[in-house]
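Following are the structures in question.
Shared between the two complexes below is subunit A, which has subunit B as its partner in the first and subunit C in the second.
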Partner chain A sequence: MSEGILDTEHSKAIKNLLFRMADDELILGHRNSEWTGLGPILEEDIAFSSMAQDKLGHAQALYNILNSMGEKDADTLAFTRNEKNFYCCHFVEYPIRDYDFSLMRHFLFDTSEAIRFDMLTKSSLEPLANLAKKVRGELKYHTMHANIWINQLGKATDESNIRMQAALNECYPLALGIFEKSDYENILIEAGVFDGEELLQKVWTDIVSEILEKANLKIPVINESGLSTLSFGGRKGYHTEYLQPLLDEMTEVYSIDPSAEW
Partner chain B sequence: MEAIAYITEEEILSMLQEVKDPEIPRVSVVELGMITGIKIDKDNRVEIKMTPTFAGCPAVDILKTEIKNKILELPVVDVEVKVDFDVQWSSDMITEEGRKHLKEAGFALPQHLHNEFVTIDLLTNVECPFCGSKKTRLRNPFGPTLCRAIHYCDACSQAFEQFKPV
Partner chain C sequence: MKSDSQKNSTIKSLDPRVTRADIPNDEKLTIETPPLDQWQTYEVFHQIKKGDHHTHVGSVHAANPELAFLMAKEQYGRRGKCVNIWVVKTADVFTVDYDYADMYENNSEKMYKEAGGYKVMEKINKYKKEHKKEIEELKK
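This part shows the complex of A and B:
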C-alpha cells in the first residue's frame, strides 16, 4: 500500500518537473516569436524566429511525455490552462522590451536550458533522457548565438556596453527564478530523474560568470531579501501581470473554435 | 490454406523512398535517416518509427500522413506511424545517396560530427556548393527552416544554404 502512495508522489514529482520545463519553453518560445518581423537586423529576426520554433518543439515534446503519463494532449495542455495552472518562472513572462533585454534573457535562460537538458541525458526517466540527448545538440546553436552577441555587444562601444550592463542588472535577479525549487525536489533527486535546481544553478553561475567577465560585464550584487515576489512564485502558480494577457492572446483562436485547423 | 502475400521490409523502404521532405523534395525520409524502425507482423500490420530532424520540425505531421498513405498502397492491413526520440536524429544519419541529392539541390553538406557537438570552427569552414571555394562566410546559423544555415561565398558572390550539422 505504501508503495502505491510512493508511486503517486513519484509521478506527481515527474509531472511537476515536466510542466515547469514545458511551460518555460512555451512561454519564452511565444515571447521570442514576437520578434518575427521586428528584429533589429534580418539575421536576428530569423534567429529569434528559429529559436522560438525550437522552443515550441521542445514544449510539445515535453507535453507529449506528460500525455503518455495520462495528462491531456499537447494542444489541450498548452491552450486550455489558466495562469494558476502554469508553472513557468517569472523571467520568461516579461514582454520582449528592447533588444538588449531580449538578448540578455536569451543568454541567461538558454544557458540554463542547455545545462538542464545536459543533466537530463542521464535521467532515469527514459523518454526524457532520450529527448534530452536530442535537444542538447540543437541548443548548441542557441548558446553559440547568445555567447557571440554577449561578447560582441559587451565590448563593442561604450553605449553597447552600458546597455548590456543595464539589461544584465535587470535580468540577473529575474533569472534566479529559473532555479526556484518545487516541493518535489528531493523525490526527483532520489529517484535519479533530475539532479536538482541547486546543482543546475551552481554550474550555470560558473558558466555565465566566465562569459560575462570576458565581455566586460559585471554580475550585479543581489539583495536576496528583495527578490521574493519579483523572481519567485512561478513554479507554484503565482505569476506576473504579464502572463494571463499573453495566454489570452495565444489562445484567442483556440478559444473561439477548439477544432479549428491553421 | 493459400498464403497471403507477405510484405517485406525492402518493399516498405522502397515505398518510403517516394516520401520526400516537403521543403527539399529532392531527398526522401529514408535518405535523411528519419526512419528508425519498421515492424511487420504476421497479419501484414505495419509499424513505422520515425524521428524528426529537429524536435520542432513543423513537417512531422505532414510526413506522418504521407508515410501512412504511401504504405497503404501496399496490401497491408493497417499502418501505424510512431514519432519518438528513442533514436536521436543526427545529420550523420543522412545516407550517402541523401548527401548526393542534397548537394544536387544546391545545399552545402553537413560535416560529419561523430557524436561530437557543432562548433563555430566547423560552421565557419564550409565549402561553397556552387563553385567549391572555401572562401565563404557564415551569415546566420539560423535559416529559412530549422535545419538550414545561411552562408555567403566571397569567390562567386553567391549566398547559399547549408544543411546544418547537428
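This part shows the complex of A and C:
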C-alpha cells in the first residue's frame, strides 16, 4: 500500500480495509485454483475451480476501487507488490493440503466473507456497497456449497467425521486471524464504512457454531497464548513462510513481460 | 392346454381379460443393475425463465440430491440464463428401450391427432417477435 502524503486518515483507513479484503480474495482464490484438475471428482473439481475464479473476480473488483482512489491498476497491485505489502491473513496462505483441509477453510472463510459483504451492503462507501450487493448471489452459492459438504462429511462415516474434525481443529485457530483488527478500526466504524471485525466475528461464530454442531463437529478449545504468532500478523504485513513462494509462482509469467496483452 | 402349475404363476385379476392373458406374475418390471462402483447419477433440468418448461441438460454424479443440486448448479447453471434447476435420480426415470421405437412409427401419418394450434401459436409469436416495432407503432 502506498501511503501517499496526501491521503487523509479516512482514506488510509478505507484503503487498508480494501487491501485486506482484496488480498484475502486473491491469495485464497489462487490457493483454491490449485485444485483445478485434481479435485476429488470431476463435478466438484469444476465447482471448486469456479468458486476460486469468483474470488479472483472479487479481488479484481476491490483493486479497481483502490485504483479509483489513486492506487495503481489491479494487475500491478496483484503482481508487483512484495510480501511485506500484502495484508492478507495467515489462514489464506497455507497450502491446500488434503481436500478436508481445503473444504474446511472454504467453509470458515467463505462464511466470514458472506457476512462481511452482507454488512458492507450498507457501507457509506458507495462503490463498496454496490459491489457487496452484486456478489451476494455468488456468495449464497459458496456458503451453500460449504454448508452441504460440511454437513455431509461430518455425518457420513466415522472416517469422514474424524478427518473433518481434524481439519477443523487445525483451521479454527487460523480462521480467527481473519478478524485481526487494523489500526483504522474505529475510523471505519465511525465513518459508517464497515461495522468492524468484532461484530463480524461475533456473527460468524454464531453461524459456524450452529452448522458445525449439526454436522457432529466440535469447535476446538483455543489456547490463546499459542494463537498470536500462528494466526495474527497478516494484517500488518507479517506473513507465513508460505506466502512468498506463492507470490513467486503467481507472478512468474507476469514478470517475464509485464506489458503483455492477455 | 397349460398345466395347473403354469396357470398358478400367471396374474389373477378382477378383470377377466387380464386373467385370460396368462401374464406370468414373476416377471419383474424393474431392471436389475449391478452395484455401483461410483456415485449414482442424477439427471439435471434447467429453467431459463420463470414459467418456462424445465429442459433436460445433462447429468451429474452425486451422493445425495442436495449434493447433486450443488454440482448441477455449477455444471449447468453458471453460464447463460437460468432461474431454477431440478435434479432427479437417473434410476427413478422409467423408460423402455429402442426395441419399442416402432410404437411411435406411424405418428407422422396421423395428422388428425396433431394439435395444429400450437404450431400456429409458435408462428404468431415468432411473427410478433420479428415485427415488434411495427406492431407497437400500430398500437399507438
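Heads up, the rule we're going with is that the second predicted complex is superposed on the first by the 254 of 262 C-alpha atoms of A that agree within 3 Å, B and C clash if a C-alpha of one lies under 4 Å from a C-alpha of the other, contacts with A are read in each partner's own complex, and residues count from 1 in each chain.
Keep this in mind: a contact is a pair of C-beta atoms (placed from the backbone, for glycine too) under 8 Å apart; a residue touches a chain by one contact, two chains touch by 3 or more.
Just so we're clear, the structure is a prediction, and the values are computed from it rather than from any experiment.
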Subunit A as common anchor, with subunit B and subunit C clashing or fitting: clash
First (subunit B), second (subunit C), both or neither touched by A:Gln152: second
Superposition-derived comparison: subunit B or subunit C, residues of subunit A touched: B
Partner chain in contact with A:Val135 - subunit B first, subunit C second, else both or neither: first
Which superposed partner A:Asp24 touches (first subunit B, second subunit C, both, neither): neither
Partner chain(s) touched by A:Met144 [first = subunit B, second = subunit C, both, neither]: both
First (subunit B), second (subunit C), both or neither touched by A:Glu113: neither
First (subunit B), second (subunit C), both or neither touched by A:Glu43: both
Which superposed partner A:Leu56 touches (first subunit B, second subunit C, both, neither): first
Listed stretches 9-17, 27-35 or 45-53 of subunit C, narrowed to the one that overlaps subunit B: 45-53
Doubly contacted residues of subunit A, that is, touched by subunit B and again by subunit C: 43, 46-47, 50, 141, 144-145, 148
Residues of subunit C touching subunit A in the complex: 39, 60-64, 66-67, 70-71, 73-75, 78
Residue numbers on subunit A that touch subunit B, as the complex places them: 43, 46-47, 49-51, 53-58, 60-61, 127, 130-131, 133-138, 140-141, 144-145, 148
Sites on subunit B touched by subunit A in the complex: 51-52, 54-58, 84-86, 88-90, 117-118, 120, 123, 139-144, 146, 150, 164, 166
Subunit A residues within the subunit C interface of the complex: 41-44, 46-47, 50, 141, 144-145, 148-149, 152, 156
